[in-house]
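Order as written gives the chain letters A, B, C and D; numbering starts at 1 within each chain.
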Amino acid sequence: MRILFVGDVVGNIGVAMIHEYLPQLKRDLKPQVTIVNGENSTPVGRGISQSIYKQILKDGADVVTMGNHTWDNAELYDFIGGANRLVRPANFPGDTPGQGWTKVKVNQQVLAVVNLQGRVFMNPMDDPFAKMKALLPELDTDFVFVDFHAETTSEKRAFAMRYDGQLSAVVGTHTHVQTSDAQVLQGGTAFMTEAGMTGPADSVLGMKSDSVIERFENQRPTRYTVQEVGPGLLSGAVIDLNDKTGHATSIKPILISPQHPYQS
Amino acid sequence: MRILFVGDVVGNIGVAMIHEYLPQLKRDLKPQVTIVNGENSTPVGRGISQSIYKQILKDGADVVTMGNHTWDNAELYDFIGGANRLVRPANFPGDTPGQGWTKVKVNQQVLAVVNLQGRVFMNPMDDPFAKMKALLPELDTDFVFVDFHAETTSEKRAFAMRYDGQLSAVVGTHTHVQTSDAQVLQGGTAFMTEAGMTGPADSVLGMKSDSVIERFENQRPTRYTVQEVGPGLLSGAVIDLNDKTGHATSIKPILISPQHPYQS
Amino acid sequence: MRILFVGDVVGNIGVAMIHEYLPQLKRDLKPQVTIVNGENSTPVGRGISQSIYKQILKDGADVVTMGNHTWDNAELYDFIGGANRLVRPANFPGDTPGQGWTKVKVNQQVLAVVNLQGRVFMNPMDDPFAKMKALLPELDTDFVFVDFHAETTSEKRAFAMRYDGQLSAVVGTHTHVQTSDAQVLQGGTAFMTEAGMTGPADSVLGMKSDSVIERFENQRPTRYTVQEVGPGLLSGAVIDLNDKTGHATSIKPILISPQHPYQS
Amino acid sequence: MRILFVGDVVGNIGVAMIHEYLPQLKRDLKPQVTIVNGENSTPVGRGISQSIYKQILKDGADVVTMGNHTWDNAELYDFIGGANRLVRPANFPGDTPGQGWTKVKVNQQVLAVVNLQGRVFMNPMDDPFAKMKALLPELDTDFVFVDFHAETTSEKRAFAMRYDGQLSAVVGTHTHVQTSDAQVLQGGTAFMTEAGMTGPADSVLGMKSDSVIERFENQRPTRYTVQEVGPGLLSGAVIDLNDKTGHATSIKPILISPQHPYQS
């Protein structure tokens, strides 16, 4: 089984990059399952709208994952009930609307796609380690992909090593800068600390650099605004699983950027 | 001018990786200046000792940089006064022992090597943005390398974009996982969010995974211990500067790991 | 039912204050139940030992509560199994040794004593709000006292207002400085943001001021040391409950300090 | 010299409490200088407006201090240049509009009123300890009042003990719940960890409890809204200084609340 994952889509340029490159990537890589993190996909870079959710699916995603920005666009409350291809972190508190995981049928197998959020330097959600442990029997499949949305490299890697051999893949999101450590861990779990973002290249994590620099320098409340001009980048990974065991055989980063133009 | 930078050396395996590969890297890459971050180089992964400092210089470093672990080994207080090749973050408070930058003569040019520490999710040091601004006239050279030791991708990138064109290179350290975004910014500053660490590969940021996982799962005070067995990795970057302007012409990541064995 | 609560006992002076004043306070106030927070009661101000635990009980406590420093003295692992009068935060993760609440029989009633820990600016424990909700039916009594160990005034007060009418009393601990807001909320829950500490008066939260000031000024790792000389203070509250409903009828702060000497 | 200080004014009820009680308090206590923290005085509890600033002065304040919410109401940018009775934290970065301290003439003496902001669990401003040290010679008077706006009890008390004998008074603000530790320190500095807020009593720090509880329980972005009904409270302190030395002779808390109605 081949999985294509694309990291945090930011703003209009991010959505445009999906529209432009996801079909090509799918044609070239032929993944059975395509997963896109959409937590920053509105034009202001916060949350997701129904029309963008539908657009990302139409452009080729099977599942859309989220993160700490899940609820930033309140429109989600209206459509999450029916958004059966969208998963928000499974360790959000008990009564949170929406689902923390979903399943995708691929030939004879079933891939569970799980979203979890870390807690270090983030809001205090339920324990993602304990949540994963509780979910495993419930998922009832050897094919499990986790988008682990977290700030620190240590929490992401510790999580992956804790569940090495029990999950097919753990791919980190949230920090928006791809890491170069894609690897299959000893137990057979594909891991990458951070997939990286999909959005405006000439920016700070998708935001106009001026507004971000200003806030660092004057420590006053400046609203970050999404960068809306210039080239885009698309970041992610492609993962191959053994169709019998669900263990990973390979994980390779994907990076389309001004420095690395797309090559079929 | 070519600069070789090697990220956070962790524990005995990190020091052994330096000993084994730094001479080879220098032979192959022929940098004029070699800089190594040594903030985790003691056997327990915290701080630096005089003997290890000397060993790293002997193995080929011209300058050793530090970070938030600078003072974790109290022995440093005894030798920092005479350690003229060691720099600790320049934005530590006023009376802090040691120096925040040093200069290395390279043919006709002088390279200033600066160490700074970020503040997001870290201890509240003096403002690194303001400190850089104040330092620039003092450094009085067009060749400036900054090891920016910080937790978040946003603070690192915002800093680099703020000083794009005024610094030769900004290389991030501290999160220990190399990013794949090495690039020369529009103004001519080489930038990479994170150089990555140099230490035990089968670990969480250099520490035994068991102890780190345990703490994430039980939230009780477990002392992390350095991983002392298994393969090592070495992470860093090589940067080329225009000898006239001090602007960067190229930055390339260096990564020696089980997945990427060293090739001359 | 009258409850006497005494806030975080710090170091030898704190233990001595308990020894000197707890018997007098009990003689004068005649509480049916006496509860003491002992998370800082070792000579170094971190955790608790078996001998101090026994001493605090002998001096008059019926229950000893804890907090974020629960595990700082590893000796606790050895005796917590048999320490049936000690409660550590109930929202520590699943497999944590010890108990999160206990019951004290008072004539015809049973008082449940619960310890919970907040999450804002603290380690990410299980959700204390959700934990309280889950505990309520399990406790199966109208008489419930909660030591809510938390950093921020907002989390403490929000918790008390959330469970106003369902708990007899919520008394905050951890910040070590008593607040002047003791009050019975509209629903009948006695509340006080912070009981305050019991320990050395000439100190910063029980620690020698020199070491604390030094760390604020130089941001280097200085070990805080407990203040071992000078006068002590004892902080707490006395709470009266309606013996039929379990609702509070009164809460009054207790403060013995150099500025407020004890008066019977 | 007698100083009256009133803690964080929150929303319309806070402003109304000032209007109703400040004149009475001044008539009864006869302070020479009256200082009011106005960082939450707009109807939404964030920042200050010009009309409210003028109203607070008209109701009897000589100086208005601020805190971390200084810039939440952007209108301040328009009038801070001419607001010579308003001080915002002096340790905001270099180019911040406005002033960090001001002087009030009282008979033969001059009282400097300084505003500083802490850094623990707050945005990383310039070092308040270092800033105070630098300011002391500049202030050039033995009569110095500091509103230290900070989150933790430790930073507030450490600051007061560091400058004990060099400042007339240090009064903490920001956590909105008054502490019961008002005292003159050994060197002659009046100190109180937290003055407390002036605003709606039936609230969480001035905000409607429902919105705050909701956010603690569901961890989703709920905008806090100011409580606009019910009784108010007014918190502060009155401090007496020796007219020769500037040292404090007394500090007493002021608390007007449903539990403690005002008595002349």
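Methods note: contacts are C-beta pairs under 8 Å (C-beta built on N, C-alpha and C of every residue); 3 or more make two chains touch, one makes a residue touch a chain.
For reference, the UniProt names are A, B, C, D = TIGR00282 family metallophosphoesterase.
Fair warning: this is a prediction, and the values are worked out from it, not measured in the lab.
Engineer: Please identify each chain that touches chain C as well as chain D.
Structural biologist: Common neighbours, chain C/chain D: A, B.
Engineer: In how few steps can one go from chain A to chain C if every step must land on a touching chain?
Structural biologist: Steps on the shortest route: 1.
Engineer: Could you classify the chain A-chain D contact as same or different, where same means more than half of all interface residue numbers appear on both copies?
Structural biologist: same
Engineer: Determine, among B-D, A-B or A-C, the equivalent of interface C-D; equivalence here requires over half of the contact pairs to be the same by residue number.
Structural biologist: A-B
Engineer: Could you state the distance in Å from the CA-based centre of chain B to that of chain C?
Structural biologist: Centres of chain B and chain C (C-alpha means) sit 44 Å apart.
Engineer: Give, as an integer number of Å, the spacing between the C-alpha centres of chain B and chain A.
Structural biologist: About 29 Å, centre to centre.
Engineer: Which residue numbers or ranges of chain B touch two or more of the other chains?
Structural biologist: Touching at least two other chains: 93, 124-125, 127, 130, 217.
Engineer: Which of the residues in chain A end up touching chain B in this complex?
Structural biologist: 121, 127, 129-130, 151-155, 157-159, 161-162, 175-181, 183, 186, 193-194, 196, 202, 204-205, 209, 212-213, 216-217, 253, 255, 259
Engineer: State the interface residues of chain B toward chain C in the complex, per the touch definition above.
Structural biologist: On the chain B side, the touching residues are 70-72, 92-93, 95-96, 123-125, 217-221.
Engineer: Report the residues of chain C in contact with chain A in the complex, numbered from low to high.
Structural biologist: Of all residues in chain C, those touching chain A are 93-94, 119-120, 124-127, 130.
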